[in-house]
Amino acid sequence: MLVRVRGGEVSVDEALQKLRDLPFEDIGLACIDHHRSLRRGLAEVIYGEGKEVDDILAIMERMLARGDNIMVTRLSKEKAEPIRAKFPPSIYYAKSRVLTLLQNEPVIRGRGTILVISAGTSDIPVAEEAAVTASFMGNRVETVHDLGVSGLHRVLSHRDRLTAASVIIVVAGMEGALPSVVGGLVDKPVIAVPTSIGYGASFEGMAALLGMLNSCASGVTVVNIDNGFGAGYAASLINRGCDES
Amino acid sequence: MLVRVRGGEVSVDEALQKLRDLPFEDIGLACIDHHRSLRRGLAEVIYGEGKEVDDILAIMERMLARGDNIMVTRLSKEKAEPIRAKFPPSIYYAKSRVLTLLQNEPVIRGRGTILVISAGTSDIPVAEEAAVTASFMGNRVETVHDLGVSGLHRVLSHRDRLTAASVIIVVAGMEGALPSVVGGLVDKPVIAVPTSIGYGASFEGMAALLGMLNSCASGVTVVNIDNGFGAGYAASLINRGCDES
Amino acid sequence: MLVRVRGGEVSVDEALQKLRDLPFEDIGLACIDHHRSLRRGLAEVIYGEGKEVDDILAIMERMLARGDNIMVTRLSKEKAEPIRAKFPPSIYYAKSRVLTLLQNEPVIRGRGTILVISAGTSDIPVAEEAAVTASFMGNRVETVHDLGVSGLHRVLSHRDRLTAASVIIVVAGMEGALPSVVGGLVDKPVIAVPTSIGYGASFEGMAALLGMLNSCASGVTVVNIDNGFGAGYAASLINRGCDES
Amino acid sequence: MLVRVRGGEVSVDEALQKLRDLPFEDIGLACIDHHRSLRRGLAEVIYGEGKEVDDILAIMERMLARGDNIMVTRLSKEKAEPIRAKFPPSIYYAKSRVLTLLQNEPVIRGRGTILVISAGTSDIPVAEEAAVTASFMGNRVETVHDLGVSGLHRVLSHRDRLTAASVIIVVAGMEGALPSVVGGLVDKPVIAVPTSIGYGASFEGMAALLGMLNSCASGVTVVNIDNGFGAGYAASLINRGCDES
Amino acid sequence: MLVRVRGGEVSVDEALQKLRDLPFEDIGLACIDHHRSLRRGLAEVIYGEGKEVDDILAIMERMLARGDNIMVTRLSKEKAEPIRAKFPPSIYYAKSRVLTLLQNEPVIRGRGTILVISAGTSDIPVAEEAAVTASFMGNRVETVHDLGVSGLHRVLSHRDRLTAASVIIVVAGMEGALPSVVGGLVDKPVIAVPTSIGYGASFEGMAALLGMLNSCASGVTVVNIDNGFGAGYAASLINRGCDES
Amino acid sequence: MLVRVRGGEVSVDEALQKLRDLPFEDIGLACIDHHRSLRRGLAEVIYGEGKEVDDILAIMERMLARGDNIMVTRLSKEKAEPIRAKFPPSIYYAKSRVLTLLQNEPVIRGRGTILVISAGTSDIPVAEEAAVTASFMGNRVETVHDLGVSGLHRVLSHRDRLTAASVIIVVAGMEGALPSVVGGLVDKPVIAVPTSIGYGASFEGMAALLGMLNSCASGVTVVNIDNGFGAGYAASLINRGCDES
Amino acid sequence: MLVRVRGGEVSVDEALQKLRDLPFEDIGLACIDHHRSLRRGLAEVIYGEGKEVDDILAIMERMLARGDNIMVTRLSKEKAEPIRAKFPPSIYYAKSRVLTLLQNEPVIRGRGTILVISAGTSDIPVAEEAAVTASFMGNRVETVHDLGVSGLHRVLSHRDRLTAASVIIVVAGMEGALPSVVGGLVDKPVIAVPTSIGYGASFEGMAALLGMLNSCASGVTVVNIDNGFGAGYAASLINRGCDES
Amino acid sequence: MLVRVRGGEVSVDEALQKLRDLPFEDIGLACIDHHRSLRRGLAEVIYGEGKEVDDILAIMERMLARGDNIMVTRLSKEKAEPIRAKFPPSIYYAKSRVLTLLQNEPVIRGRGTILVISAGTSDIPVAEEAAVTASFMGNRVETVHDLGVSGLHRVLSHRDRLTAASVIIVVAGMEGALPSVVGGLVDKPVIAVPTSIGYGASFEGMAALLGMLNSCASGVTVVNIDNGFGAGYAASLINRGCDES
């Protein structure tokens, strides 16, 4: 653009105007950033909670017109149904309440495998959100469920997979001790996801969150309670490596 | 007493009066309960924090006169010195700030061994308080220090001792995950003691406390942050068994 | 196994493989640990909250095939009905939402009696969970309800039972003072269970939990809010004594 | 005043001015309210914390000139010394850090006796603040120290005094259960004062405060942590009765 | 009783037994204390929350048989209907969810008037609970609603009533500042009741509770959030005066 | 009035009486302050939550009779319907749950424009409440939605509007960082409104609230979580300027 | 700049470079923004806490060279001394720990007067920080100290000043009720500053902060605990009005 | 080992024994894990807080004997001095309180550059801890200080370095908004480190921690408050890539 200003093709005022307005297109609901799928290596992700079905459909149509892949998170079953009816190729993951609609098969861009571990069966929905996100972003993903820390031999029996992964996502509620155990066994980046599973003094995930933040195993970082999406996203950036990102 | 009322040796009014006043003897500082060493199987324990040296000495002299063993907890080094000077046979444990003065060797009343485990070197003071308390109350006690959960093989290498103990006290700060790991390995009562070791989101032991309360390993019970004494005391009651208590 | 390696009957690789894989059997839902009923002295306990009826039934069938006794906790009435229909000998405790299915009468392994006390009628569901758990694990259990601390003579009138028990579980909401009172009367291990009963500044059991952790009566240990199961389990381990566990 | 306006002795404007300015006299430090000792039945109380000695002396001199009795709370020993040197008849209570200076003997205005109870020796400073305040305001005051709830017979042995009092102030730290026990024994207004005594999960009095607010004994009201003054003041208002206040 | 022991009419063992068992009568639900209406000057109050209608009816019938007046608190409209159908003379206060059933007109035992003030219309249910309780216990009660602190002249316009009352109950949510204002105007015992009215950073009454505990107006004491009953009960004890209680 | 006292037209007693009673008119529900629309420059605002429809209608009729404009906040759709049926000219804003009824067009009294910004689409209801309030009080209002801080160029593209506004209201949930960014770009008063949008460690707006209070951009002040009304009101006072208020 | 690009005087690359680098000048300590005094209408303010004296002096010298006025906040007495020795015209406000160094008399840019009110003498340091900041930024400032809410007539006696101010800053600790009272009396923007003054359940200003956020008086906004500077800064922006800012 | 068992060279019992004891060597202070520098790619790191100088020296000597590089964190200046005196080649970083002693130059194993950003000068100590850790572990490290979010152009001026880095560590106190801004600009893994810098409602880093956990910028993960070491360690694992770890 500055080159065209130099050449006199574009006036200074026009240039200023364009620099400001270019990347936005207002559809009355939310600003959709056209540059985003390029810049961030990801089609726009729609946070479904609190949005009406019609709003979601409007955003999706715009994105489809541009050829993007689409992921909607925190989408209730009730809202998913009319969307699935309208876009039959879409897939709805009921446990994690994620919907994806792929126009193009995601290219595998990650160098290694992302391993998603959950401590208990109740943690599976959050783990699934992490796994679907990482797949959507072009990674090989493996999952192991119900690896509670109170049964150590269960953890140890999966040591090979722990060693083979390039990033490990550990999803756990209650006391949130599993990331410490995993982080003590391997030398890999571990992303800990506390869940709101538990009762009483778990304070809806607070206990797990604090436990993970205080992990005595170095190399563990933490995301928000129940934030499987964030963990999958961060793991994807890590897995991509410095040359590609 | 009621027998003597029946026999007419004691008037009803006198009886009422005695029932009320008997067990107390006021020395102007605090009520010392004469019946206590019998009733609770323990000489009185003096909580040293916030008490003046002179007050502590006054209480100790009374107790010595009755032949009791004495333990003082949370006693600063400054306060311990004049007490040790006055009662040379007393022992001061500097890390845990406990002082004991034994007039009689404690009889071993516990059936098994109480094992005290600490997660890190910084947790040793609290672990020592638990161990000294349990010894003072007549138990065989073993200790293993620095058994952090992030090095699982360290924990597993002590499995024999874990299995041999009758009660296990686990002392840990930071994320407080060690009791879950220990509780998952053995079928013994585990008393978890959170410590205030840590920083930031450990909130002075809160994270460890919540972690332990939410332990997914059944059989774990918890005492207050840094309460080594309470853990040692409870372990002693458990070790004694139902016939003796 | 190592003996068979020595004898050459089993190759080193096979041995390594077996050591790793033996104790697990994956049924697509959750890892069921075959060794568990032996190792921990208890049939597997199923945490019912968040599990679908079909999942619970699948786990139960596997366990029945192995001859285990089964206990399901936190099972809503709606989920309990189809399970009871399928396994008529099962018993559903409506207040505590526990279901048990016994193939073998539990052998009494505890040496003494476990006494379960509740402070108010609203605390009974949690107390029942503790009592059913302790019974299921092979203990003699007694219960006394509605022993609020503000009516001291109510507490004192049960002193005989307090003295006769080998472990006492005290269940209380609101200010959670009852364990302190009980712990001051007897020289027995006391397991305090805070409940979420109360309103306002009880903060769903927080006030009771803090009160119990700060109990000035030594010998009191604490479990999570509303965790009747954990209290019953820990009491059972304590009651078993060191020779049997 | 309005009468004098009516009579024309005072102009309307003057009247408005006087109504506004009368009760204040500015000495550059703080507004001292001349009407206060009459209106509230108490000489001004000076909150010593954070005030310089010179400021306190300046306020005291003004008050002495008007013939008031004076009480200074939260006054450190260092600040108390120069004040005592200047006003030798003043009395300094070292534990509670209260200083009083009486120009007139307080008239006993309360109808009954205010009983101040403390749970442990560490709670005595706060109890003393309550007792000194109540005395200063013209009440008969009795104190009993070290009445911990874990030794119930200690409490019961003082039942006569509990019954004879017209208001009871109960001072307790740690789990703060004593007010519930006392409130369950007698039918008197009980003012509970949590103290910051304790450690770990006492959270500097939070546990005691929550315990007291959730007391299952009706008739218990609560003041701020360590607020002996407020308890003594409120008890004094209650003791005065409706005809005198 | 001791007299009869003395006379030999009752054996020592029998006496011991009776002393223990006398005051209780077990109906399988909750211990009803026969001595209570005498000892505490109040018929038993039933806490309705979490109790089944049948349980409440059973307790009520027992109490009616003894001639007691009855009050049930926290009783939902659904539970109140069958109770009202069975006992038509009972009165149900819908806002405060209190039901009373009077067999005898309460004797006015309080010396003065209890004034109940609420800060906003949303606080009225809690204020009504306080007022009904105080009336039930035999006091003259007045109420003023919607006296918010942000409209000071509203407060000042009721100064006469404030001055005439013997105890003042102030019910307020949100920032809970009204008790400070009232306590600064009069020299009467003020009982502050925080309510859970508010949103956001009111944290369900926490803000009001903390504000009241930190009130700079001396003479203010506090009860639990939404605890209108406790405030009415405490005010009643205060109003009774020392000679009658 | 004092002038009439002076002239003898009004007796002193009458004057006192009138001074006290004048500004109130009791309709049995809540005190409506007749002077308010004059004194505060606003018709009374009715807080709809917790009030019955009939009560709201009664208050509205009184206010209409006096010619006031009316605004009802936190009014559910269910309650809005009968009110709209009765007063057809009223407008109901469904997202923010605000209803207005204008008898007179609000005079524009604000000197500049109030700009209302929301960080995400989920924050729009709170932003709308702020915008409607500011309009109702006589201000020019502009709104920009979905200006999340993680897309900085979105923020920068609106720099002109930020610079042109006289007060800026920034509505944001989650981490609440937008006010810091806006406050760093312009030299205008910024009112930050945290919303309860988020999950997990957002603790229902707590994270956003704390973030805004700790904003490193000077000139930012904060209102309660979700308090769009309060932000609109405060912005209106600021916009009015010192000569008019 | 773009004009010069157009004219060919500056190459496109140079332009890009300059746009990026222009506004910064690195002195190895912290980025000082040359444009800031123009853009924000204020010389740079230095946050003194945690900075070494030498660092502060280095920053000050740079700023002096540019002709700016300087304000340093949170500067301890120990650090202030060498600074005052080096720059004798500087003024150190000991209570609020603020140092100012004026090279040019601040031009009065605010249209009205900013009134700073403190609730108690202990709140004066924070109030002084607010007042010094507002003066430094070119405003007329008045202060009234010790206006506690529990003495309402004290507040009312200053009504004239409240009415005359264009912005009011209210500084209060403990229960923080004063802003509600002030906000109910006048129709001006009120900025509430909670202070950490108090003890026990004031939780170092938390109670005051929550009280102010929940203020039922509309028009009140809040800044961080003890943030006198922020309040003074925001009040200054408000006072400036829309035409000048 | 199993091979040697097979060959009969080692008895089964010996094998079991060795498997258990091999990796430990007890020096009476803490278990030092000989295998650790191999297994984790790092010499042992000593957590200096709470350890005596003599203990630290003893551990260091053992490690030196094995040829390890050594890093000691949270080491006070007082403790650092005797250590530096004994090992002159060691380097002490005074701001971050880290000491390193390198026997071998760290091999650069990371593929890209780790960029460490701090929001304010007060955050530098934590940022330095992160940078020193990352260097010690064999990475290229760059640092940029004082990049506060309220001055957006400061952030934007460093966009090149942000884009060039392979991992970005963002250190910020107060409201902790900087990671959101950085995460919105680049597509790299961002590790957010909250610091305890701030006052009042920053609650010693809590506000920054919550802000970062709720970051609306995906790809941000979080470590404990002030945990520069943990961030440096995790960044190092990420930078290493999947082939080397």
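The first chain written gets the first letter, and so on, giving A, B, C, D, E, F, G and H; residue counts start at 1 in each chain.
In the analysis below, a contact is a pair of C-beta atoms (placed from the backbone, for glycine too) under 8 Å apart; a residue touches a chain by one contact, two chains touch by 3 or more.
Keep in mind the model is a prediction, meaning the values are calculated, not measured.
> Considering only chains that satisfy the touch condition with chain F, which of them also satisfy it with chain H?
Shared contacts of chain F and chain H: A, G.
> Between chain D and chain H, how many steps is the shortest route if every step has to go to a touching chain?
The distance in steps between these two chains is 2.
> Higher C-beta contact count, A-H or D-G?
A-H
> Between chain A and chain E, what's the gap in Å when you average each chain's C-alpha atoms?
One centre to the other, that is 53 Å.
> Give, as an integer number of Å, the spacing between the C-alpha centres of chain F and chain E.
Result: the chain centres lie 37 Å from each other.
> Using mean C-alpha positions as chain centres, tell me how far chain C is from chain H in Å, no decimals.
Taking the average C-alpha coordinate of chain C and of chain H, the gap between them is 41 Å.
> Touching at least two other chains at once: which residues of chain A meet that condition?
120, 151, 156, 200-202, 206, 209, 213-214, 218, 224-225
> Can you tell me which positions in chain D touch chain E when the two form their complex?
39-41, 45, 111-112, 166, 187-189, 191, 209, 213-214, 218-225, 229-231, 233-234, 237-239, 241-243, 245
> Where on chain F is chain E touching in the complex?
Chain F reaches chain E through residues 20-21, 23-24, 29-31, 33, 47, 49-51, 55, 194, 196, 204-206, 209, 224-227.
> Inside the complex, what are the residues of chain H that reach chain G?
Touching chain G: residues 120-122, 145-147, 151, 153-154, 156-157, 159, 197, 199-202 of chain H.
> State the interface residues of chain H toward chain F in the complex, per the touch definition above.
Chain H reaches chain F through residues 119-120, 148-152, 156, 174-177, 180-181, 183-185, 198, 200-203, 206-208, 210-217.
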